Amino acid sequence: MTRHDGRAIEQLRPVQMETNYLMHPEGSVLIQVGNTKVICTATIEDRVPGFLRGQGKGWITAEYSMLPRATAERTQRDASRGKINGRTMEIQRLIGRALRAIVDLESLGEKTVWIDCDVIQADGGTRTASITGAFVALTQALVKYNEVKPFAKFPIVDFLAATSVGILEEIGPVVDLNYVEDVAAAVDMNLVMTGDGRFVEIQGTGEEATFSRDELNTLLSLGEKGIQELIAIQKKVLGEAANLVRSMKEEA
Amino acid sequence: MTRHDGRAIEQLRPVQMETNYLMHPEGSVLIQVGNTKVICTATIEDRVPGFLRGQGKGWITAEYSMLPRATAERTQRDASRGKINGRTMEIQRLIGRALRAIVDLESLGEKTVWIDCDVIQADGGTRTASITGAFVALTQALVKYNEVKPFAKFPIVDFLAATSVGILEEIGPVVDLNYVEDVAAAVDMNLVMTGDGRFVEIQGTGEEATFSRDELNTLLSLGEKGIQELIAIQKKVLGEAANLVRSMKEEA
Amino acid sequence: MTRHDGRAIEQLRPVQMETNYLMHPEGSVLIQVGNTKVICTATIEDRVPGFLRGQGKGWITAEYSMLPRATAERTQRDASRGKINGRTMEIQRLIGRALRAIVDLESLGEKTVWIDCDVIQADGGTRTASITGAFVALTQALVKYNEVKPFAKFPIVDFLAATSVGILEEIGPVVDLNYVEDVAAAVDMNLVMTGDGRFVEIQGTGEEATFSRDELNTLLSLGEKGIQELIAIQKKVLGEAANLVRSMKEEA
Amino acid sequence: MTRHDGRAIEQLRPVQMETNYLMHPEGSVLIQVGNTKVICTATIEDRVPGFLRGQGKGWITAEYSMLPRATAERTQRDASRGKINGRTMEIQRLIGRALRAIVDLESLGEKTVWIDCDVIQADGGTRTASITGAFVALTQALVKYNEVKPFAKFPIVDFLAATSVGILEEIGPVVDLNYVEDVAAAVDMNLVMTGDGRFVEIQGTGEEATFSRDELNTLLSLGEKGIQELIAIQKKVLGEAANLVRSMKEEA
Amino acid sequence: MTRHDGRAIEQLRPVQMETNYLMHPEGSVLIQVGNTKVICTATIEDRVPGFLRGQGKGWITAEYSMLPRATAERTQRDASRGKINGRTMEIQRLIGRALRAIVDLESLGEKTVWIDCDVIQADGGTRTASITGAFVALTQALVKYNEVKPFAKFPIVDFLAATSVGILEEIGPVVDLNYVEDVAAAVDMNLVMTGDGRFVEIQGTGEEATFSRDELNTLLSLGEKGIQELIAIQKKVLGEAANLVRSMKEEA
Amino acid sequence: MTRHDGRAIEQLRPVQMETNYLMHPEGSVLIQVGNTKVICTATIEDRVPGFLRGQGKGWITAEYSMLPRATAERTQRDASRGKINGRTMEIQRLIGRALRAIVDLESLGEKTVWIDCDVIQADGGTRTASITGAFVALTQALVKYNEVKPFAKFPIVDFLAATSVGILEEIGPVVDLNYVEDVAAAVDMNLVMTGDGRFVEIQGTGEEATFSRDELNTLLSLGEKGIQELIAIQKKVLGEAANLVRSMKEEA
């Protein structure tokens, strides 16, 4: 039994990242993971939120949104409903938290980096594509900043990418679920890991279902392999800029 | 004295429209006018808002938004502020009204067409690019619908496009202002016209300034010429689909 | 064929303006245009919004509202709905922009003038009556301020009034549409002009209709004539206060 | 020691009520109590809120608002702040409750009467003026309705008016406080009573102060006398329409 | 005819107050009045709202809420509805105002005391139980503060408690209505009084009904007696802390 | 090195659950886990949200809130801020999802169960205490419902509880973190598991930190042991009611 789009169990969808996708932001990427397309931008602001003021530390915050017709059915805009829905909040908190795990906020200094992830087209895995793309946009923005006003220590300490894993009824554990698989999956898990293979975030959920520790282990292994492939692509896309991250890792 | 980007007074910026830009919507276009890029989609819904129910008429409504980093400085999302700002409202009302002028709502029947215009990159003229692109997305969506469930009469009765005109201090009246020109212009006017050269909307505003009737006439002539060029591009992009609109015009 | 209320094509409805209508505001007018009644007030505040601070310039901002029973059917209050509707936003932006066109914001200095237009009774033309009345309230407020703390240069540089024009099916172009005419009109246009006969704002809209350039020219001529009549009334109502505006015009 | 405006302790300010003040509403009154001016309107809607549906009973609901420049300092609109403030809510709940006390909701039948009280100019006592004026607007609206579609039993069972009483430091208890007195008063009480001299509402508050039972008794007597004078004026203003209320009282 | 729970007309329900109910707040009480249970807390903040800044005076503000299942039917949370309902606003304004009447805000100094009253279980009289409990939480918080940073003059100048009274159809006036009685009562009155027997607040309302001055007098006497009993319980619960309030009263 | 409150690494804090804590709800529990106290209630409503209507399935939805002074510093109410914050949303979505995993929604039928978790006092682990307590309230509510209107099949198919695990710098992995530990922990993980030892939810987060797969395994083992202890307590507290859940498990 193979996956409905012919992929092997441990096979990611085709991944592309187009950097400098937009003319205005300091860092911007169009990431495509299969049919999922997300524009990720990074904006550096020279001040921090109130709760951090005067502590010499920076902050990274993220916002996530989908175009109304990123989806098969039109979704109402949060702005029209007058409030941000729960799913959106959950995702933007996840993106910000994930990126903060590989940034040394002291080295960043009193700056806020705004990450914006706007889903242009959705076909499953928008939150993990957002994290993977946002890492590249963030790196570019900080590298550019570093050229003009060099940091004492470059603040990004490791690579970071994310993918989803899940359990399909007739196939079992698979990596990088597209929308059709995501809807069908009994268990749905998002993994965020570093270049060093350490976990930053595990969010596994039984959708009206449960999973055993053995199943969990298979899922983690699948995810780990997929994330290392994504990080290899990030390195290629970032080119020389990746060296600054690499050098931080060696120092650490 | 020439324009800062070397264009002649009556010269539009380069225009491209990529149709079927997204996989989900019934109609979708990426329109580029110079550096301004807008994704326009059209969604057909088989019901009408409350105030029209039971009248056998359809409706067209539009929503407009900008990505936070479509602009040079990051703009706060309407969803984060919890309300839609006045400029956004004005623009989305304009887009909807403009499209309704070339649609026979009785022929459309009890359907709502949702137009979504999302500005990916802004460099002046986002509202007029939205209208020009939205017309193409709308036409494609209705042509596709017509193939499956033919209308008694195809509801689009003419072509429709829009551009801006304005008065620059040292140059005088010009067409299709980019952002730098828009900020500098003393008078700013948006024109929406049909394939037949009739006006649908004139919105002219002195920005802490005024203009004479002679100046107005020059602006109108510049705009008219630019809009006919845009409509020519629409026809090319739409290909055969344009014939349905053409045949409606001959009937009318 | 005559208009349903017996007016000639180029005839305004009876206009009255009662100045100092309220005891508290620095400037206040009850303007009546036929059955349309609007209370306009002007409030001078000795500070400017954030985006203007420290630039030595002032600002004029407007708010517009209708009593729930200004209309034939009761309208829900914006405050009850928890947000300002699109039409209201559009109108209050228009009023503010129009008044800023005849005020020299540098001469005004770091002050904000709040214009409030509250429609007590609506019978068509509420936005243009608001502008015409607001000009008088604004002038009175600045004249009063000038008596106590004289401006180096009085900031109002010209008169300003507004009216509507439109095209009725069996009658053709007319000026100053009442509600019945407004609903019936295929084309609806609001014009704001100065005492010098220059345009400040043209907002013409085909309501599910279009209009030719010839029709546009007739509409502009009708509107121009009506606005000059309104400005004559403003001068009479303002009495001596009008001289300060006049002297600015001669200087300019 | 006399009151600062020369009134005796038990003397109301001059009261005027102009009925049919607006052309659209079923009932409308401009009430003036001294310098306080409120437009009160009554709108009859042929349905009831959800919680009353199908019970054969009607409802009366009220909304209250002040123009921004009804007051000496400009007040921000509730609509701009995006929510109704606590004071406004308290007042509109009071007005609705007060009117419901003299209406037989069964006789009214499945209808909602919307009362709108809009303060044009404020000089103390706006909530009590609103109630006194709203009673007249309500009566007119129901009398007009009764002429077209007679009620089995006319639903208003008694007259209703309201005034304020308070304790001034150097003068003691007084009736109908204007704004200056209201600010100075240690105790502030609003009374709503019927034509029969029965209480509908007592809202007495020590503003960072307290009051004794004797003081309370004096306040109640002052208020009772003032309210009966207001009801006498209502009867005169209502003319024949008052008879319908009177006949209900005799029946009751 | 006796009350449905067997109480005499002038009999309060059993009252308990458990102080230091929570570990974090400076003052906290669980008050039970029959089946009504409210958690009251007091929080001292070393700054005042904007309108009081720099005046050397303090402020007391209150918030009130009910758990969704404090009631027989589940009530939707204000937070889910996105706005505070009118009843809640009215109650929290009442609680704050009542407490301010027995606090010398000058002696308090530039501090804000936040009172939070959260109804865990509702069976009538939640607002009066909130006031009675909040007084105890407030006193404890200020006594604790006084131990560390003694006030020049202890700011609480008298005791304060509240109860409800009402008129039941077959029984007449009664004190401390439970929910069943509250729903049935034609007249509903909340009384707030001081240890000295002076009124702070009277809020009497005919619910689609009215009441005579004689009835009012009976209600006031019943309430007065009940409130003195509640104050006796407060004194016992507060123990030594009550002495600080007592000494202020003797001084005054 | 021992934990600051003297607990062993694998030791839960003392746990108590007081069932039928409130008089109104169908199910209600006060759960205490150390100093953390949460009131959990379950309300059964005989209808489902729109997206489920007509499918014969039920739904479980949860709301979570904290009293302002559940925490050391006063937290502003969501209702005052006018919107629910991201953390609250994330938690209430987690609670609902977790409970749905052990309920057979088809057996439940077209009913919604509302779970309300209100934190009275917070000392770490409020979301896991909410889930553990909510399971008991839910079971009681459904058992009570079953007595009156027996389900064809009792809808709860397994037990469910939750705890937190984390990594402390000098101690390493521990279970059931209190607030002090939670703030200090580099890694924070919430686990939800069934009586059968299967996972329902894993949410592990490096707070500006990362963790290895070995560390993950230790955390999972600690959590598993703690959750089985919590389920043993649930069974004792539920008494006979637990049998209905047990019998479902045997059937399954």
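Per-chain residue numbering starts at 1, and chain names A, B, C, D, E and F are given in the order in which the chains are listed.
Note that in this section a residue touches a chain if its C-beta (ideal position, glycine included) is under 8 Å from a C-beta of that chain, and two chains touch if they have at least 3 such contacts.
Here is each chain with its UniProt name: A, B, C, D, E, F = Ribonuclease PH.
Keep in mind it's a predicted model, so treat the numbers as computed, not measured.
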{"item": "Minimal step count in the chain contact network, chain A (Ribonuclease PH) to chain D (Ribonuclease PH)", "value": "3"}
{"item": "Equivalent interface to C-D, taken from A-F, E-F or D-E so that over half of the residue contact pairs match", "value": "E-F"}
{"item": "Proportion of interface numbers common to chain A (Ribonuclease PH) and chain B (Ribonuclease PH) (over half same, under half different)", "value": "same"}
{"item": "Whole-Å separation of chain centres (CA-atom averages), chain B (Ribonuclease PH) against chain E (Ribonuclease PH)", "value": "60"}
{"item": "Distance from the mean Cα position of chain E (Ribonuclease PH) to that of chain A (Ribonuclease PH), given in whole angstrom", "value": "52"}
{"item": "Interface hub residues of chain F (Ribonuclease PH), defined as touching at least two other chains", "value": "82-84"}
{"item": "In the complex, chain D (Ribonuclease PH) residues that touch chain C (Ribonuclease PH)", "value": "22-25, 28, 35, 39, 41, 43, 45, 63, 65, 67-72, 74, 77-80, 82-84, 88, 114, 116, 118, 120-123"}
{"item": "Chain B (Ribonuclease PH) to chain C (Ribonuclease PH) touching residues, read off their complex", "value": "83-84, 86-87, 89-90, 92-93, 97, 100-102, 105, 158, 189, 194, 196-213, 216, 220"}
